[in-house]
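Just below sit the structures, each encoded as structure tokens.
First chain A sits with chain B, and in the next complex the same chain sits with chain C.
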Partner chain A sequence: MSMARALRMFGTIALVLAGVILLITPYAGNPFWTGLMAQILIFGLLALSVDLLMRHTGLFPMCNGAFFAVAAYTVAMLEVNYGVASPFAALAGIASAGVTGMVFGVSVRASGVYFILVTLALGQLVWGVSVQWTWLTGGDNGITNVPYPSLGDMRIGSLTQMYYFVAFVVIFFTLLYRQVIRSPFGLSLNGIRDSESRMTALGFNVTVRKYVAFVISSLFAGVAGVLYAYTVQFVSPAASSLLISVEAALMPILGGPGTVFGAFIGAVIIIGIRNVVSGFLSGWPIVMGLVFIIVVLFAPKGILGIFNDLLRRSDRRDQAADAARKDVREAEQ
Partner chain B sequence: MTSTPPLRLDNVTKSFGGLTAVSDVTLSVHEGERSVILGPNGAGKTTLFHCITGTLPITSGTIQIFGKNVNRMTPNARTRLGVGRTFQITNLFAELTLLQNVVLAVHGRARGARRLFTSWQSERHVVDQAHAELDRVGLCGKADLDVSELSYGERRQLELALALVGGPRLLLLDEPCAGLSQSERQAFTGLIRAIPSNVTTIIVEHDMDVAFAIADRLIVMNQGALICDGPPEEVRNTTEVQEVYLGDA
Partner chain C sequence: MTPVVLQLLNGLSFAALLFLLSSGFTLTFGLARVVNMAHGAYYLLGGYIGLTVIGLTGSFVIGVLAGGVAIALLNAVIDRFLIRRTVGQPLMQVLLTIGLVYVIAEVALLIWGGNPIRVPTPDWARGPIELPGGIFYPRYRFLLIVLGAVVAIGLWAFYRLTPIGAVVRAGVDDREMVSAIGIDIGLLFALVFALAAFLAGASGVLGGAFLTLYPHAEWDTLILALVVVIVGGLGSLEGAMAGSLIVGLIDAFGRWLYPEAAAFLMFGPMALLLLVRPQGLFGRAH
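And now, the complex of A and B:
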């Protein structure tokens, strides 16, 4: 069996295994794992929202955690304080993230490091509000007892049901994301990443496109924020901390920037280290730092990138071998 | 009735602080003309080029493209008037395939690429047009390669293909043959000559052989000013030109 076939088989097995784990996690009998898997899915979606800007458009945002938090707080406030029906609360959550994105979108006028700094500052604004405006956000106590979502008499009654709901929504939005990336608009974002001046010379309005990408990114982050509020049932300033934005950027970098699966692989690693390694090692951030340094230095295309490179190389080797065999056969004739 | 010139400059000046890079240039090109702006390094020809494309704002004067004052127009708005351009330093979408590069050019011209929910490959008319444009510059069969896999000469060809997409009426080429070998230059001037004659072309060049091979009209610049303007043979015989440029060549 050739190396390429072995790699393909490995990839297929890994994919099937991931699918099986996704399906049966709630039956592992430990709510800890179910909650953890749900968080991996939610943060994977948040990571995708960052990757849309980071890898596909060439902008490095530091405020997607803010969109995530705005959506989560909106849902929590509407559900707990006003008893708004879940579909409306959820839509309001996504919309509030989108509106925040439309306002913060002015940052696309800055480029490079300045874009990072502006989005960092804007993101911290949301964090400041979540900590200081106690009357609105509950301050450090946050907003507790967010119910599971319901639709009329249908109510999600358990973590297991919630988990499947999260899985369904995340898969749906991941497919939608994949479609956006492959669309003509998505291709134009790649063009902006590679050369803004050329895009301008071709007649594109680069600033408008970056702005639209930014707002789309904020909507995806908002979906993740809504799911977070309903799953964790508690929203505090931890949701708006800079760490969320940073981790959401690290996930695609670790897993494989520009790929849908990469964001989720990164989410498995980071959420895993944060929740599992921290159980027996108080110095778990050191582990996180080491993993990050090793991946960035030795696998700049992320873990999925190692796999893809290996596959490409063995495919080429196979092709070369085939060509050589053909030459020998022809020479013999 | 005389048609409006594709490009008309009136007293265009561009200064950077105390340095005047382009000084009081007045110039009008006719439809279908292939003009070459020639001049030694630092003559201001690339600066003038940037002023025309809109990447640099001018200090004073007016620029008209197809009769429209474009002084306040952004580069992308000028593109939509029918202006195509290449870059002196190859400026391509490095991580995309050749086909994707040209597809983007097709979209840019058509003000397209607004759809979110179809894949770009499914828009057959765009993809077919992109293939045709690649054929035109001799890059058919390489559509699915990444730009990084191309030779330098091939990159210049793709650069030209991007500028030609959608049939620009005014084409601006910034040192299209820079960095090419002698044989590549010859092939490339062939491509430039094959550009349809209704496309008004302005080429910035400092290589004389290339300039004489393609020009209907030679415009010579020195120290920011136009010093000579006319058919190539006439320009060649002007003493002033021979002194600043041709003399030491």
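And now, the complex of A and C:
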């Protein structure tokens, strides 16, 4: 069997295996893995929201963790303190992330490095609120006992049910995300990434499009935040930490470009380090730091990028081999 | 009147520290286009190293110098083997240096532990000092204001009045041109980068004496430096001065007048400024 076919088969098997794992995780018998899988899905969605700006628009946001946290806190507060019905609480959570995105959207006026620094500082604003406004957010204690979502008499009663709910919502929004990046609007963002001046010359209002992309990104981050609050059932300043934004930015790069899968592959590794490696290695942040450094220096195209490169190279080798065989056959005739 | 003066002095001494911290950050960006997210981690590690050296030698001054020199050396290695490989890719540079923050901060945590530690102030800087008008103020923080002012004037004079400063300014404006006329721009980068790292490490010792050193300071400090350079304008020394004063004073008066909002009061002016002048007070569009 040729290398290329082996690689393709490996890819297919990995995909099928991922699908099977996604389906049967709750039946592995350990709620730890179910919770972990749910978090991977949630942070994968957050990573997609970052990627919309990062690789599709050419802006590197450091505040998506803030949208995530605003949504999570909103849901937690409405559910715990005011007993608001889940659908309204969830919608309010997403909306609050969107409103925050509309305000923080002023940052699209800055570009390049400046945009990174400005969004980082704005994200810290939310962190400041979550730590300092104890009367609102519970301070370092956070908000506990967030219930699973319910609709009238229908109520999610277990982690297993919650897991499938998360999987459904994440898949739905991932498909929606794909529609967004394939739409004419999404393609115009790629144009802005490649050359702002060209897009301006073509008559696009670049700033408005960047602003809209920013707000869409905040909405996706908000969905992830809502799911987080319901799944983890506890929201603390850790949700608004800068590290969430930073790690969500690394996920799509680590996973690789081109598809929505990259973000989730990256999420598996980052969430794995954070939740599994941290269980047996006290210096685990060093591992996390080394992953950042290694990805940047040796694998800037990510895991899928390396896979694609291998595939392309072995395809080319196969073609060369085929051509050579054909030459030999023709010579023999 | 006295409380206002006291808050003014608090603001100024904090501004002095912020200037020491952010002037290097902004100059490295101006000259080498390097965004070093590990700047806050440099501050923290420099502070811890200074703390240990003070414990060994008993000298605060040697501690400050040791913190600075150690970080300058560390930075030379990091720059040579890591940062230089990401020049021209801001996104990758940011991620790389964030990776460094994780590593440096965790190493510091493993060595010096998780409890906040205060760097001991030397005898000659302890106690209050009486200022004109019968105002008593902590001697250490007063000396910090003096030091900040001296360094600010020194850096400014170096930057504006000396031939090397002229080359640095030229490098900020047009790197290719400077290297085309035969100036070793790589050496210049190394020099400014070393100065920036030294200042970050030394300010860790100086700041640790009144803000304490604690885990997560690597991020808190980075954010402060970022706000300063965003307000002042990335790459501008004058901007770092103005930004430090603004952030320092807002912080001091904010803590006094609106303690509830102190942690994020300074972000308000930053956002407003962005609307009017996205490149900061003294910055140019990049």
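Going forward, the second predicted complex is superposed on the first by the 316 of 333 C-alpha atoms of A that agree within 3 Å, B and C clash if a C-alpha of one lies under 4 Å from a C-alpha of the other, contacts with A are read in each partner's own complex, and residues count from 1 in each chain.
What we mean here is this: a residue touches a chain if its C-beta (ideal position, glycine included) is under 8 Å from a C-beta of that chain, and two chains touch if they have at least 3 such contacts.
Values in this document were obtained by computation on a predicted structure and should not be read as measured data.
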| task | Please work out whether A:F185 is in contact with chain B alone, chain C alone, both, or neither, and reply first, second, both or neither. | result | first
| message | Let me test your reading of the model: by the given contact rule, A:R155 touches which partner, first (chain B), second (chain C), both or neither? | response | neither
| Once the shared chain is lined up, is A:R325 touching chain B (first), chain C (second), both, or neither of them? | neither
| query | Between chain B (first) and chain C (second), which, if any, makes contact with A:G203: first, second, both or neither? | reply | first
| said: If we overlay the two complexes on their shared chain A, which of chain B and chain C does A:I253 touch? Say first, second, both or neither. | reply: second
| When the two structures are overlaid on chain A, which partner does A:S195 contact: first (chain B), second (chain C), both, or neither? | first
| query | A:M288 contacts which: chain B (first), chain C (second), both, neither? | reply | second
| More chain A residues in contact - chain B or chain C | C
| field | Shared chain A contacts, counted only where both chain B and chain C touch the same residue | value | none
| In the complex, chain A residues that touch chain C | 54, 60, 106-107, 109-114, 116-118, 120-122, 124-125, 128-129, 131-133, 242, 246, 249-250, 253, 282-283, 285-286, 288-293, 295-297, 300
| said: Considering only the defined contacts, which chain A positions touch chain B in the complex? | reply: 179-180, 182-188, 190-191, 193-195, 197-206
| Where on chain C is chain A touching in the complex? | 29, 33, 35, 82, 85-86, 90-92, 94-96, 98-103, 105-107, 110, 219, 223, 226-227, 229-230, 234, 260-264, 267, 270-271, 274-275, 278-279, 286
| note | In their shared complex, chain A is touched by residues of chain B numbered 53, 55, 74-76, 79-80, 84-85, 87, 91-96, 100, 103-105, 107-109, 111-121, 123, 126, 162-163, 165
